[in-house]
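The structures come next, written out as structure tokens.
One chain, subunit A, appears in both complexes that follow, with subunit B as partner in the first and subunit C in the second.
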Partner chain A sequence: MHLFRHGTPTFFPQTPSVSAGRADAAPHGRSEAGGPAVTGFSLDNGLDVIVVPDHRAPVVTHMIWYRNGSADDPIGQSGIAHFLEHLMFKGTEKHPVGAFSKAVSGLGGQENAFTSYDYTAYFQRVARDHLGTMMAFEADRMSGLVLDDAVVAPERDVVLEERRMRVETDPSAQLSEAMAASLFVHHPYGIPIIGWMHEIEGLNREHALAYYKRFYTPENAILVVAGDVTPEEVRRQAEATYGQVAPQGARPERRRPREPEPRAMRRLAVADPKVEQPTLQRLYLTPSCITARDGGCHDLELLAEVLGGGSTSYLYRKLVLEQGLAVNAGAWYMGSAIDDTRFSVYAVPAEGVGLEQLEEAVDRVLRRAPAEALGAEAIERAKTRLVAETVYSSDSQSSLARIYGSALAIGETVEEVRRWPTDIEAVTKDRLSAASERWLTPARSVTGYLTKTKDADAPVAIAAE
Partner chain B sequence: MHLFRHGTPTFFPQTPSVSAGRADAAPHGRSEAGGPAVTGFSLDNGLDVIVVPDHRAPVVTHMIWYRNGSADDPIGQSGIAHFLEHLMFKGTEKHPVGAFSKAVSGLGGQENAFTSYDYTAYFQRVARDHLGTMMAFEADRMSGLVLDDAVVAPERDVVLEERRMRVETDPSAQLSEAMAASLFVHHPYGIPIIGWMHEIEGLNREHALAYYKRFYTPENAILVVAGDVTPEEVRRQAEATYGQVAPQGARPERRRPREPEPRAMRRLAVADPKVEQPTLQRLYLTPSCITARDGGCHDLELLAEVLGGGSTSYLYRKLVLEQGLAVNAGAWYMGSAIDDTRFSVYAVPAEGVGLEQLEEAVDRVLRRAPAEALGAEAIERAKTRLVAETVYSSDSQSSLARIYGSALAIGETVEEVRRWPTDIEAVTKDRLSAASERWLTPARSVTGYLTKTKDADAPVAIAAE
Partner chain C sequence: MNLAETDTRTVNAPTKALPVPGGAGVEAWHVESPVVPMIALAFTFEGGAAQDPEGKAGCAQMLARLLDEGAGDLTSDAFQERLAARAIELSFHAGPDAIGGSLKMLTKHADEAIDLLALALAKPRLDADAIERVRAQMIAGLRYQQNDPGVLASRRFFREGFAGHAYGRPSSGTLESVAAITRDDLLAMHALIIGRGAVKVAAVGAITATQLAEGLNRAFGALPEAGELRAVPKTVVQGLGRREVVDLDVPQSVIRFGLAGVPWRDPDFIPAYVLNHILGGGAFTSRLFQEVREKRGLAYSVGTSLVSHRATAMIWGYTATKNERVGEALAVISEEIDRLVANGPSDEELQKAKDYLTGSYALGFDTSTKIAHQLVQIAFEGLGMDYFARRNDMVSGVTQADIRRAAARTFADGKMLVVAAGRPTGF
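Showing the complex of A and B:
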């Protein structure tokens, strides 16, 4: 169950495989303008609360978001945010290990949890009558977690096995890790969410408890409730549960170094006999929706959609349909991040096409993009697609909750979420063109080749593909 | 004077330019076996003392080494070790700014200071009668430094200007920085000694004082005195000066993350109109003399010498003399490091030779090295050269002091320094061959191209060199 629980959402950003890439680009996550009448307030102990009404069915999605993710892992303890996410299921003074999960399933509910670079979140979906029960359990483990060595060491083994399965045996995940490490030379976004193997091995109970005490506080959390409830009900129930957790006086500090201005274009290659399909990956260091709050992130979101959003996008059209050099091609942008982030372009070569040849074609296509790709019609189509995609995903209650939770966890406001479709509509051809020229430059880029070798130890000359 | 003082030694490892590369490889630094009768002892407050007798002239070299360098900079405060080195000349309660330097020059002495990855050191060379005076000054600034904002801000401007001069306007330094950042994805050896520009800008008096209090303590320092003195004299004078500095109870902790096992070969390119001479640089992540204490570092030291130590080395002979593809080629190894370190191969192309063509040739030559380069005679020659070089450098009193100081600062013993020539002599062809195959592999490598562009903004396709 753990492996499932920590499935796609957890490792998504870290292993943007080619097919997953698109989804990753998607919904930096906003609701349609004039969408649900979202209410926000704070409890006395500093807990922020967001209520998203959705009265279509008598269910609620209950999420608690903590403003700490893997990029807040103390130095030398990479993976601890994710490890603690596992340990949060190990029981409290009041509820022994398994009691919470048993309660959720006993009530016919679902639960999940995930760790990302900037936040960690826990959620349950239950019938509306059980919201108070979920809050009581979740509030209890905000301060009452019990960890002993008998629990910590075996769970660390679980995480190590998780890393072995996901990364150590998967060349594509290795390429992703190496590319992120190369793109972010200084910022912790270059460190995998799950952590480096040798540092996970060193994590212990003391690390976990210190981390828990530092970050699992009411001031650092955001409660998001979406569903068939009123703000008044939520406030009353939240005060009776979360409201009882003692505040720590201040929100914990996030200490993150800023990435220096990149100067060198970088390339790397992972070659492995297990590779079934060679791929070409490219990352560019770009601002995020927080570092480019002036709207620069909307330009990049739309640019990714125009260039590489699906099979009508420019890259797909050129490389797959017209030139026949690729069987897939696209782009995505991880705008939802506190610090400078990644914009990706990828392509999968057609039979008999080398990665070098494909890369040249990609670069040729990208160079012509400002002149060729940014027609009024293409831009309109991309806007419609991008906004519609988000509207569709808002149709799911848990997606909606997630859109608000992730936005607030990185420091955006409800108003920014609501304004997003309008902001996307406002992007112009000139802004797209300027974003492309400003950010998609060689010095800001890392290019990765995933290739198949017959022999794992054979030297790889990526130039000789 | 500051810029001179912080000259070559400070930035050497960080900007291993092609011509400087060789020297950098040099003397991990040892004296000949059975060399001077070095004496070591500790004061009651924890200060370690090393006395290296040299009675050829009535002079002494007085050095104080602190076991902290740029790799110990707190996260987000890169450059602070080096910044503090500057600030250490700003005066104390007893001696106003300039008094110490004036005393040194008034006594006809010389002084210098440098910051490296693993240590920071200050030294003076004076007539033997003035040793006590130097000790008194140096002990005074171990605990009595006075910093006010009037001094800190202008000095920060000096360092920023130093960085502008050395890095921002020098594409070769930019390549070196990018390569180190790419080689060390996690360990702080990937951060430049001088610091990232935007982090130097943020350094202030509070950072400097906190750093000073943490690291400038008797327990963290090593006093090295080489020259016309006896251990008894040194002990007496050291007790009267350094002995008066209050201990802090324990040596400060160095917290450094370990580098994960590399998986992807990496490449990068810096292109700039200011480049006069294209170059090819290669780094491999290898153990250091501390992480490979079993002798692995001696293998790598000798391997660098055989492959690329000067104009009789294998790389030079093949690439410059036989094939005419390069005007220079060589290798060096930075064994003197606490954590895993870098082994470098470099080549400068002959007129009309592209970097890609040169790289292919380098790789061809390296592949054949185990079979071709490791003849008994070549190995013997390299051993003689390497040991002789160190013996020659030991002939300079300050080099001798530096050999002991740097070894002890990274955690080696006097005995290890003395045994070094014997250890080098013991390296066999099989060990060289094994080291080459184990460490000089694609996955452990970063390859850098420095190229000239006409237009600074032109896209660079390094594959199309």
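Showing the complex of A and C:
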């Protein structure tokens, strides 16, 4: 039931158990199933529309994506994208607070929203015949949002509780935040999606409305409808609803600083009395599927799978099965990003193994990877797993809607999504080896230790005997 | 068109059980769905963590985690390689009353997937190195969560609410109990639970009934009879009216609260389900969501759900708020429960809840994996294959009198067991 709580930001993995990046969001391709006949078009006011047919049940997933995320937060207002996402449920001139949610639940629908670094999205899942109603409500809140302090103040408290729940009570989340802040010395990917505590406290109605006016426009949005519909129906209904929202003339510009070339290997630690199980985390600054559009990102996606995707991966085999130095180990790559992004390697030490010892072992294993990890069979297995995900995800219309929505929101095309399995198949051993040697280098890395410390406030000498 | 009116079409329910030749004691439900070339299989064996031997909590879960760590002639690594080579996804899990599993495969690899499942069920190797590896992973997992406020609050809640009962012990065990589990314990658990007798199976996807029956016969038909499970005595949540604190140095307290419940097979379950939806079910319109979150900004997450185990049932709820506001949050929650006991929901509120629950039922049936898990759960509860057809009518038929009866059985006088992990004030 937590899945459908609104305001859940798309936090990328903060714990070693979650796999991420494109493997999670592997797009559908033509290689296995032929793939759904995805249609794309634009309305006169600039709104882009994607229709993904799925006629197995008379249900639709209706999503609206905005091309702005936490990385577009103005300086000093971290968390505003996410805070506004919460405030988007507070009513419009036409529909008072709660009316949209009541309509959705009265129709037996489900709804939610999420914020990520590069985009913000809202969605409902309803019976096919209610699609037009959802579009009318969603188009209305593209321009009609009304906010007063009586709803803004308690919602800010909600977000502060959300941050307390996710970060302030969890040392491993604090380590993830610190590592991102260190990896990105200049780019806003180093700032948490939810924002820093002290800046969330200062966010107000004026910040939210200014941000809303800047980004919530038809030119900046992508409508994705997956389900039991035809492109013609969607076009007709979209024109009658979203088509009536006045354009602003141009898509708002994302202004982001570029990350400089990294020179320094960085190390940091979060030490907390609550930590009972130490862990080792490593991040590397790497290109993304936008900054390495030439295929470099496919190399990194496959490399993450070969090195650290599950219990047949190289890292797991070496560190867990052969050397017994770790109880778990793996890797993931967050390829789906506009700007340069992160590649992660992690390991959880076996009992009695120190983090320094484990780190040395991880580095030894990674150094040998180009020569040892890239056997034909291992590469083939990794490709099979990634490509099979495209079939598995076409079983879920909401997954398909997310795959297309997130790809378009960062600037990929429908064709790039469809071609993805073919591109993965085309990656060679030489390309993997080159990617590993080029990107997984000390100067591009941040290493993080999660360790236990004695409570600094505790009396030290008294209990010694 | 409301989804409720089209349920018979939208809910992909089976119409008759699939005979599994030679598979006495194996009940299989099948929904053929040829569009996507994959198959999702879900299955459940009667008997789970409540069967863990004394002092060996975590045994059923350890067994579940070991079933895919080598079987027959295949060592763990070889077994995992066979799965990965064809992108077959196989996993097992243990709950309080069952060991269940899930198998996802491309249709073209169905034979290989079924062969591997058959091996995992009938001939797990339980090699010493695999046992030690899984033990170390479980212990690392326990340590990782050792001071997680949510985990601490839940564990304490069950320890207090089900003191002296098998449900009071954590399914994932403790550092001591996981360390104490031996290979013989695991073998005994395997013989007790993984057998024919009370296994339910559901399969959804691009496979015909004939192919499926043959496959299921291979996977389940050759299993020995399951053993005789230890009886799990019926129980109810204890300690209503009590408040417990797990002291932890964090700025926010995680709260768990519970009251009596109604089991799924009970005729009052559906009224209790509607009542729960009104109080704290999974929509933004629930009373707790509105009062705790929307109006007062007390918490990001708040809600309640119905727990139905073989030998108990309860309504249990969750929230998390900064330490200074714990008293206020609990007062608001209690007040909403008291108001429901005293006045019931308004007619409009009841109607809206029924509209939501009937309308959204089909949304749980939109992927093969979700359908398979829904089917196997209904089969496990023994509700009958016609449940899917009856369910929305039962919800629509709930009256104010039904709600009052359910409220009397669950909320009673409104006293609950509350556990908070943190440094709560006003508690």
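One rule holds in what follows: the second predicted complex is superposed on the first by the 423 of 465 C-alpha atoms of A that agree within 3 Å, B and C clash if a C-alpha of one lies under 4 Å from a C-alpha of the other, contacts with A are read in each partner's own complex, and residues count from 1 in each chain.
Note that in this section a residue touches a chain if its C-beta (ideal position, glycine included) is under 8 Å from a C-beta of that chain, and two chains touch if they have at least 3 such contacts.
Only a predicted model underlies this, so the values are computations on that prediction, with no experimental measurement involved.
Applying the stated clash criterion after superposition on subunit A shows that subunit B and subunit C can sit side by side. Contacts of A:G106 after superposition: subunit C is touched, whereas subunit B is not reached. Contacts of A:R236 after superposition: neither subunit B nor subunit C is touched.
In the superposition on chain A, the chain among subunit B and subunit C reaching more residues of subunit A is C. Using the contact criterion defined above for the overlaid structures, shared-chain residue A:K213 touches neither subunit B nor subunit C, since it reaches no partner. By the touch criterion defined above, A:R293 lies against neither subunit B nor subunit C after alignment on the C-alpha atoms of chain A.
By the touch criterion stated above, A:E155 is placed in contact with subunit C alone, subunit B being left untouched.
After superposition on chain A, the vertex angle at the CA centre of subunit A, spanning the CA centres of subunit B and subunit C, is 130 degrees to the nearest 10. Shared-chain residue A:K94: touches no atom of subunit B or subunit C.
Judged by the touch definition given at the top, the superposed model places A:P273 against subunit C, while subunit B stays out of reach.
After overlaying the two complexes on the shared chain, residue contacts for A:R364 are found with neither subunit B nor subunit C.
Taking the two complexes aligned on chain A, the least Cα distance separating subunit B from subunit C is 15 Å.
Interface residues of subunit B facing subunit A in the complex, by the touch rule stated above, are 75-76, 78, 174-175, 177-179, 181-182, 185-186, 190-191, 196-199, 255-258, 260-271, 356, 359-360, 363, 367, 441-442, 448, 457, 459-464. In the complex of the two chains, the subunit A residues touching subunit C come out as 1-2, 4-7, 32-33, 56-59, 89, 98, 101-102, 105-111, 125-129, 153-162, 164-165, 168-170, 172, 273-277, 279, 310-312, 317, 320-321, 327-328, 348, 350-351, 380-381, 384-385, 387-389, 391-392, 394-398, 455.
Taken in their complex, subunit C has these residues touching subunit A: 1-4, 6, 9-10, 12, 33, 35-38, 40, 76-77, 80-81, 84-87, 89, 104, 106, 133, 136-137, 139-141, 143-144, 146-149, 248-252, 254, 281-285, 290, 293-301, 303, 305, 320-322, 352, 355-363, 365-369, 422.
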